[in-house]
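Each of the next two complexes has subunit A plus one more chain, namely subunit B in the first and subunit C in the second.
This part shows the complex of A and B:
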């Protein structure tokens, strides 16, 4: 059985419909729980007093809303590209799968570039992690999320590279590929809340 | 045999996600409308819209809509619990903040 036939066979013969290995979901839910605590901490600080509420509102207004919106659309697009890549992986069209994975990586890198641009813009304005309570949380939370994006990009790159070799190994199995795509969607959905909390709540 | 999501279905979900994102961004621009003068109303809508987007991603992109009940239930519980706590903080915390301002 050749590589493509093996992948199609593996991908279409998973009896249970649990996307990804159950162990992987422990990692996903662990991460989601940690971020939940961060989101709640942010909101509690925001409404601690009238003074903090004003500081947070001013912080939101000083952020570049356009970059935040573009970054959200970029991550949504990359998530959609990953969905298509997984679909082509299952149908055995590996060339298209690699193309869409590379497009998702490109979008991820675009997100990273815009985030770094935003950080530099703020630092040039004299706003750093110690500026006030809002920016302390802004740099910390978006920094942790950026780390997740970088891990996701690395995993997608590994998948695309291993697929291009067309040799079956641990990085080309349906379990690993689905795991990486699920991780990337998790990174996307965490950003959706961060975007609402930091950029939209005025 | 697994039933992968159809591309058409995922394309529609992607379109809806983009529309909700643009709609949420637009909402912050029209927050001067009288309906938004109630403290916390706009914040609650924005958090709820983010929750809707998360459910769509989880259900269709992460393929949880035909996953086992425990997995789907855990994800939905996480989304609903986090949203409920955040909205509660806006509603009750907002009142406290405004009281201390007065």
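This part shows the complex of A and C:
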């Protein structure tokens, strides 16, 4: 009771404040800045010459678009799940919160499996990271993103596990839970742009 | 017995005293000297930085690079070699702040140790380039190998920086006191450094593109992050020391 009441009194006090804490956004905006620079670099390389344009278009066509789309939907679903989890957390319904967090973890793992399947498919075709300029960027950018996904899954797992113990500690505070949620949204946002850049830009 | 010293008061006094950092400004000056030497040596006198197109260049190009302005390269690398260890006081001060006022001795030591480990990388980088510049007339392949080796040392310093940033990060986040010693954004800044340091480790796979050692992720972003980290941590440490000295 005390634990739930403490969370409620803490978390409901959300009027006019920055989620997590203002300092946290240094990390998010720093990360987004790095990815923005990467996306600009991608576009510059793509339109460097007619030849690179052809290489990039052929690369896009050779990717498995349906897996890309499924991955996008999976991540969007998991983002929705963490939103629900956070709202249940704020209303004090911790069991539902844990359930939705687990669902988000499940979706994240699904994303990782599909991504690995995609990588293996490409490697079996003899296309590796040094194949051409498109796949160089494809493997590295999606690899860095995959690293972010793995970090996000670990953080969500910590939240779900510590919540299931029903004991207040540093990993069940509103700050940490909101931070993990924001991080997961950032991962989702980055994938949306990566999906558009690599799979759709024909 | 005229005077009995009460042990409790004595120890309290000692603790209060140990939280003061006398003459800590010299650590900041020393770091500024290191940055000055790096900029002067590597950027101005021996323009080793930035490495435009060198990852994909032929051995002849690299050998010509060392033959042209050979003496200025030697002098620049000498300046760099001389300035490298002057960052140790900053790492020591950071370690002591984490160890004493924040009371996390192991994290402080690991931070200091990984800092020293990182300096070793930078030093060997200078040695590799210095060796390459020593006999510029030798076989081109050897010069190229030494040059590449220097760049691998220069960028794989990320292995040390990563651990160091993780230590500082944990220390800042574990400090849940009413008035935290370090501002929390410093912890998040270090977390961002960790994210940036990862891709730089891939430079041994690529000769072209953003991940090569002359590319966006192999050179520009990590080095901008590293040099801004020197500035940011200098300011943060300076503020912390001033605050601690005022409190006691």
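Things worth noting here:
The rule is simple: the second predicted complex is superposed on the first by the 198 of 202 C-alpha atoms of A that agree within 3 Å, B and C clash if a C-alpha of one lies under 4 Å from a C-alpha of the other, contacts with A are read in each partner's own complex, and residues count from 1 in each chain.
Assume a residue touches a chain if its C-beta (ideal position, glycine included) is under 8 Å from a C-beta of that chain, and two chains touch if they have at least 3 such contacts.
All figures in this text were calculated on a predicted structure; none of them were measured in a lab.
Bringing the complexes onto one copy of subunit A puts subunit B beside subunit C with no clash. When subunit A is checked against subunit B and against subunit C, the one touching more of its residues turns out to be B. Touch criterion met: A:47 reaches subunit B, while subunit C stays clear of it. Once the two complexes are laid over each other on the shared chain, residue contacts for A:76 go to subunit B alone; subunit C is not touched. In the superposition on chain A, contact is made by A:192 with subunit B only, not with subunit C. Applying the stated contact rule after C-alpha superposition, one finds that A:31 touches subunit C and leaves subunit B untouched. Here the apex is the CA centre of subunit A, and the angle it makes with the centres of subunit B and subunit C after alignment on chain A is 110°, in steps of 10. When the two structures are aligned on the shared chain, A:39 is found in touch with subunit B, with no touch to subunit C. In the superposed model, A:84 makes contact with subunit B only, not with subunit C. Put simply, subunit B and subunit C get as close as 15 Å, counting only Cα atoms, in the superposed view.
Subunit A uses residues 22, 25 to touch subunit B in one structure and subunit C in the other. Across the complex, subunit C meets subunit A through its residues 176, 183-185, 187-189, 191-192, 195-196, 198-199, 202, 205-206, 208-211, 216-217, 221. Put simply, subunit A touches subunit C in their complex at residues 21-27, 30-31, 34, 37-38, 41, 45, 129-130, 133, 136-137, 140, 144, 147-148, 170.
Every residue of subunit A that touches subunit B in the complex is listed here, in rising order: 11-14, 16-19, 22, 25, 29, 32-33, 36, 39-40, 43-44, 46-50, 52-53, 65, 69, 72-73, 76-77, 79-80, 82-84, 86-87, 90, 182, 185-186, 188-189, 192-193, 195-196, 200-202.
Across the interface of their complex, subunit A is touched by residues 1-5, 7, 10-11, 14, 17-18, 21-22, 24-25, 27-28, 31, 42-43, 46-47, 49-50, 53-54, 57-58, 60-64, 66-68, 71, 74-75, 78, 81-82, 85-86, 89-90, 93-94, 96-98, 100-101 of subunit B.
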